[in-house]
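These notes concern the structure reproduced below.
Chain naming follows the written order as A, B, C and D, and within any one chain the residues start at number 1.
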Amino acid sequence: MTTVDLELGLKPKDFKSDQEVRWCPGCGDYVVLNAMQSFLPSLGLKRENIVFISGIGCSSRFPYYMNTYGMHSIHGRAPAIATGLAVTRPDLSVWVVTGDGDALSIGGNHLIHALRRNVNLKILLFNNRIYGLTKGQYSPTSETGKLTKSTPMGSLDHPFNPLSLAIGAEATFVARTLDNDRAQLTSILTAAAQHRGSALVEIYQNCPIFNDGAFDVLKEPGEKEQRLIPVEHGQPIRFGPDREHAVLRNDRGGLEIGPYDENRVVVHDATTDDPAYAFALSRLSTQDLAHTVTGVYRNVDRPTYDDQARAQVSAATDAKPADLRSLLRGRDTWTVG
Amino acid sequence: MTTVDLELGLKPKDFKSDQEVRWCPGCGDYVVLNAMQSFLPSLGLKRENIVFISGIGCSSRFPYYMNTYGMHSIHGRAPAIATGLAVTRPDLSVWVVTGDGDALSIGGNHLIHALRRNVNLKILLFNNRIYGLTKGQYSPTSETGKLTKSTPMGSLDHPFNPLSLAIGAEATFVARTLDNDRAQLTSILTAAAQHRGSALVEIYQNCPIFNDGAFDVLKEPGEKEQRLIPVEHGQPIRFGPDREHAVLRNDRGGLEIGPYDENRVVVHDATTDDPAYAFALSRLSTQDLAHTVTGVYRNVDRPTYDDQARAQVSAATDAKPADLRSLLRGRDTWTVG
Amino acid sequence: MQLTGDRFTSEAAAFGNDLATLPNFPAEIRAPAGTLPGVSSFQLHFADDDILTPGDRPDVLVAMNPAALKANIGDVPQGGTLLVNTDEFVKRNLGKVGYDANPLEDGSLDAYQLLPVAMATLTQGALADTGLSKKDAERCKNMFALGLLSWMYGRPTEGTERFLREKFARKPDIAEANVLAFRAGWNYGETTEAFATTYEVAPAKFPPGEYRQITGNAALSYGIVAAGQCAQLPVFLGSYPITPASDILHELSKHKNFNVITMQAEDEIAGVGAALGAAYGGALGVTTTSGPGIALKAETIGLAVMQELPLLVIDVQRGGPSTGLPTKTEQADLLQALHGRNGESPVPVLAPLSPGDCFDVVIDAVRIALRYRTPVLVLSDGALANGSEPWLIPDVDELPDLRVTFATEPNATDGSGEHWPYVRDESLAREWAIPGTPGLQHRIGGLEKADGKGSISYDPDNHDRMVRLRQAKIDGVEVPGLEVEDPGGHADVLVLGWGSTYGPIGAACRAIRKRGQSIAQAHLRHLNPFPANLGEVLARYGTVIVPEMNLGQLSLLLRARYLVDVVSYTKVAGTPFMESELVDVFSEHLGTTLAEAA
Amino acid sequence: MQLTGDRFTSEAAAFGNDLATLPNFPAEIRAPAGTLPGVSSFQLHFADDDILTPGDRPDVLVAMNPAALKANIGDVPQGGTLLVNTDEFVKRNLGKVGYDANPLEDGSLDAYQLLPVAMATLTQGALADTGLSKKDAERCKNMFALGLLSWMYGRPTEGTERFLREKFARKPDIAEANVLAFRAGWNYGETTEAFATTYEVAPAKFPPGEYRQITGNAALSYGIVAAGQCAQLPVFLGSYPITPASDILHELSKHKNFNVITMQAEDEIAGVGAALGAAYGGALGVTTTSGPGIALKAETIGLAVMQELPLLVIDVQRGGPSTGLPTKTEQADLLQALHGRNGESPVPVLAPLSPGDCFDVVIDAVRIALRYRTPVLVLSDGALANGSEPWLIPDVDELPDLRVTFATEPNATDGSGEHWPYVRDESLAREWAIPGTPGLQHRIGGLEKADGKGSISYDPDNHDRMVRLRQAKIDGVEVPGLEVEDPGGHADVLVLGWGSTYGPIGAACRAIRKRGQSIAQAHLRHLNPFPANLGEVLARYGTVIVPEMNLGQLSLLLRARYLVDVVSYTKVAGTPFMESELVDVFSEHLGTTLAEAA
């Protein structure tokens, strides 16, 4: 990445493109867009060195609204396209914007491979638990039994927990937050940007049109305190109106929720190398949102695909000059005439 | 599934097709084929009610050699094709045969979706950590740094742990075994067949031609005892020449390997609902095979996609007769002439 | 075009105007009246007449509340579009007008294209930052509706915006609020892929019988259900949502009582894969998508070609290439349907010519798929999918018998008692031997198969033979002869079309005939194989004009096949042809002909 | 055919025979000698001559041990196939003949198609259950080698098996062991997709210069490396292994020192996606595959068409449809390349005519891609990929300058100082403004774009204009005129081919001319757009014969475009045409001509 230059003096408005934002009024996507535009100046990068690549979906319109480079690609393929860019252009900060259908339905394979490769990509997964753009079919994160246009008798598929899937796919950075929690969103974006490698950030995003209120229980005062479990690196994991609940180790090698207990409480360590910890954390979140863990679950270092790919090119170049003539001649030639 | 009829009196040879088996001499696929042919009579199913569907790869030639119904399909798509068959034909026992490239590279998305849906499929993943059919490129399970035809300077991607991925994808049944362990293979096939839902069975399979000896350390006397960790439901997890090692709970919510300790040893419970347990187990297996857990990691009940899909059809049929005339007429008609 | 635009703008303005003063008036907006055959302009009217003949009904009803819906739904033909403000559909309002259940949810509007939109909420959301009172903001919801309609019918927006600014010149904040609401409606249409189109074919005279209104997507869905019933097979639909095909998935998922299973797959490849798996098991396997999805399904369709299994693939074409214009119509997937697979991979291709024809074409496509054991592609398009027409309800007893015979006995020609999957009947179709049949265990796959026996074969002669056999099978598919409409019988110019251009071409031909000139019209429903008499038909006419909403794909095929120098007229604008436009184009060639004849 | 088979069988038998008695004799097997132009028989010889002319070298060397390799490698042309028994390549044996390092691993055989096979191990494995002594079993490894070669060269096996049984009639266990080993070798070839072919074009006379032997896949790879150098761009290859294209990935991955990054992607879609991402960033994006992979890449190629970004897509065609015959050659992806995407999605298509020509064609394809900002498809095939020919080593200084100019300044035509991505130059190409360039931030995508400005546009006229602009850009690609070889200048019959049929067509034409008859030959390297003079060339000849290894795909295009009744001669057997076969076909038409002329 280019060196950080906080002297650029860019303002959030500098990151607004001239395109009219076309999401439905009240769409959670607006909040994320604003948070992103407010956050980017703090990165200290020039606008031209930032690229947003999206798939298809409401959320995937994101790049049009950013005054950076951007590509609105095809459904599900953004991680693959972004990989080619990230590998060849270490000077760029490459962001992927995707939806729950885009990333987890048609694009599931590219996502898990990008994560295991640990390509330098920041992947923002806007999870509204519905297909917005195509007007309201269920998605791979929709709760079982969901009534939608394509499932008038209720959906049958057990949903993915995107973070469990990502951790199972060897991800080095995974986080979750809510569209309405600007502070946490910003801090997670910062951490993701700082992480060298793939960062998956799941953002629960309200779609007021096709899945309105999907996350209301995580936003309503009185409810949210009982349900939201924010984790902070180095802090014991406590929650509840009076921080009376906590995440505790259980005796089956997993984690569980119980009354706060100083001896059993888990102190969050996002750098835990063994992904079993972050995975266990991810299982505390349930389909019905009885509990939802937010924050950076996992943030560990591992060599990135793109750094290594470039290192191989450097090593090869150092070892052997790029002598085209000799390549074409090979070892065994003969002369005619 | 059809009722089990042990009186059929089928023999292993009845499951051999007339096609000459064409794998390389010494290929691990032979052993699995033989084990399968020996095991199938015990299922008590008629041959015509068993279907093998494969993708493309050496392993995917499997269906040709079975005297059952079979389809050698296209690369990576067997789980999707098998899903359509399983949903419409509850009377069949549907098996998917796939390789590490077929299942985890091009076919990764179909695999994870089949698992989360919990379709009645038994998926046998022949993992030789290489692309055999295309003559020796690295695969998504190859160890980092592997020298292959496509990676003369060493592969860069961090491999998948297929079982971690499957558990992250909400799988209800996951197991691992080795091609040379006929007894365990047979017992796992039995358990998989009995499981209602998707069962993923990973089989470490030697490819003597392009990745010879990949699993030798797990087979050599003296070595294997130190490395193999077989798990049995209800049994404490112990291993080592003198069963002196054990799997223990650690204090980060995961599992670890240590000297046997009656109080800390984990008693294997494949039916643990929280997948965090099976996931933690899966992380004990390492890229370099220093340790490898085999056996049935996870075996839990969850409604299957296909059972429910058929139940919806039944419910709809019961609720409303299939009156085509009235469907075509709809509610609002008029007459001309 | 410009003129139409102006008129629309002013009409739209009138609408906005009146609605602003009469907020509870149920607005009915309709594209051209059904009896004006083939007109594809974009007029916007109030429905000021109460009793509408079936052919003269509004295409779109905008119901701002339950009362408006109740009072006017009777006028809307089935298949018509209902744009409904869901915010008012609360218990109290519903009760007031005598609705026991919410009609938006109880399925009673299944026969319509229901577009439920929380217009008040959305409008208020859009105006949240304007400082307008809630009441004032709410008032703007009609402009939201107009914005959405403008998007759906592809109307330019500047005029309306200008009008609003002028009208509320003295209340600039109200003007801006209305503009904002208007734009929010427009944006909503674009971001959520709202699709609308007007497809109108009115035959000169309706034959007697019982009619209903139907959209192309509904007719496709009913065709699939009916085909399953006629074949006495379970139907399995594997599909992934995509505009403008999603509604087939939605519709079919409501008819599980017809032994229909619908599966929303993880992607298009899985959708067609699952359908193929179901077909292998003896179900009627179906997959539905639009152009980009066909590209993704290509490899699996190729597998079905190799495996010679029946499979119905429906492509509701939209504007391309790439994501293109997802809510616009186009006919540019014909060559993809024919050639978009590796190797020699022939498949029959059919295309319906009107919304109602979608039903018949699907039945015919299923006939071919089942009879010849082959994937079959049906090319609908956005104009058919969402357009509607009066439809002579088919007599269920007259539907064809599509029952199949599954193989039950081993068929090896060497007396071995084995089952050989690639033994063919007189139509060159192989047997459909489904799993579960005792004694017929066999293996199929994507590798080349030995003629007859079906085991893997790398033999050069066998491959050449199999390639030609597969081609001959498709070439030999029986399709009805092409009928030509040439009333006087002495036309020199033939207009040959395919797909949804039937309406405008027919209208243009009728207009020309009304002027006293002769012109012949024929419309291809079978694009592969072509009707046997096509070459002969082409040869009969001095000039053959082929209008297409692509760059001349059928023309290419005709030229290659019959070496006829057809005149290709093309428009790729995402909108159907206009009658007037075609009249002009056809006239050019008629002119010459007349002059020559004179 | 039968005759050839018999000869092969007996030759093979001879080979087996001798080898059985002389186990350390280095067997050299070769398909037809290079100087016999275009012969595509399957003879099998001992190399009994020590000094081979460049044009008369063995195509395959079977080296059962290091000594055999060392002694004979000098005779094998680069690009030739080395079938090596790796079991003997142990330190001791290597040392004995003076190898410091294992030549199978140290890269010194990079210039050959190396097929390292543990033949002894595999043979012993295959014979494990026979009870044969290890030594006896080991002896059979030559039959393993023969079995593998029989597979590779598509030879029938019965003859050899019969021969072995007869030869060892008195030692039935030895006979069976040999048969088993033979079959094991054959199965190994099939299961691991071993590919071999013989492609031979020997021009009448070699122009002077320095030569080497080269295979098509190597030439494609070198072409890509060279194009990157000529363009001074980094090369990014995103690819997924597939026979017969994998070797390009393998080859390129060895040349990272030329600023080449190779990525083995998770599938074909990711491979082309990553290449497109790299192209967006200003690299030379390349993806390589075979037919089924092209089907999967279609949607992304369509995106590249819409985004108008340079991209090189290589399809090494193999037998289809579906998985088909992965190790056999075919030319049946031409129409897929042209039409296999949704919407009007034009791309330039090129096809090399010989292994060495792959180099030039890639360079030309990259020129077009970079110049016109478009994806370009190159259609090679299995025969070219693995076949080899003497290649006049290009002079690096004479390679074209492919440097590009990235946009650096905003280009909005309205003076706004913005960057408009869809402003076009005189070739209709848009600017390549890569991320990282200050002030040129812009967004592109798959939705239709407003002409010039590039923002999303649903405007009908704009769409029509953009569809035609994209088409016009590709139609306007400058390609060299078609050259016709018509020595006397009075031929009435033209043979027009494309791709790897060049060799056999050329040979057949020369044979006919040798007989004193006239025949003209032309070979298309540009399939889209066609050379400007193609129509005129076709018009010059009374008969145009178009031989293709498909069911007439180029014929279809020619007929459609030029309304010329070309004679299509097709064979889809997975094997190249034979000279004799073509001579017969061409003669039929010449016969008539002569008669008429007389």
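Following the convention adopted for this analysis, a residue touches a chain if its C-beta (ideal position, glycine included) is under 8 Å from a C-beta of that chain, and two chains touch if they have at least 3 such contacts.
Fair warning: this is a prediction, and the values are worked out from it, not measured in the lab.
Comparing chain pairs B-D and B-C, the larger number of C-beta contacts belongs to B-C. When the contact pairs of A-C are set against those of B-C, B-D or A-D, over half line up by residue number only for B-D. Between subunit B and subunit C, the centres computed from C-alpha atoms are 41 Å apart.
Look at where the CA atoms of subunit A average out and do the same for subunit B: the two points lie 29 Å apart. Centre-to-centre separation between subunit B and subunit D, using Cα means, comes to 37 Å. Contact with two or more other chains is made by residues 190, 256, 266-267, 292, 299, 302-303, 307, 322-323, 445-447, 456 of subunit D.
Looking at subunit B, residues 56, 72, 74, 105-106, 108-109, 113, 140, 153, 309, 312, 315-316 sit in touch with two or more other chains. Here subunit B touches subunit C in the complex through residues 17-19, 46-49, 51, 53, 56, 63-64, 66-74, 77, 80-89, 91-92, 109-110, 113, 309-310, 312-313, 315-317, 319-322, 324-325, 327-337, going by the rule given at the top.
Residues of subunit D that touch subunit A in their complex: 54, 77-78, 108, 111, 206-214, 222, 225-226, 229, 234, 236, 238, 255-261, 263, 265-267, 269-270, 273-283, 285, 299-300, 302-303, 307, 393-394, 396, 418, 435-447, 455-456.
Residue ranges of subunit A in contact with subunit C, taken from their complex: 20-26, 56, 58, 61, 72, 74-76, 105-106, 108, 131-135, 137-138, 140, 149-153, 155, 208-209, 212.
Interface residues of subunit C facing subunit A in the complex, by the touch rule stated above, are 117-118, 121-128, 183-184, 187-188, 190-194, 240-243, 246, 249-250, 253-254, 256, 262, 264, 266-268, 292, 322-323.
Taken together, the subunit A residues at the contact with subunit B in this complex read 105-109, 112-113, 116-118, 140, 153-154, 156-161, 164-170, 249, 251-255, 266, 269, 272, 274-277, 279-281, 283, 302-303, 305, 308-309, 312, 315-316.
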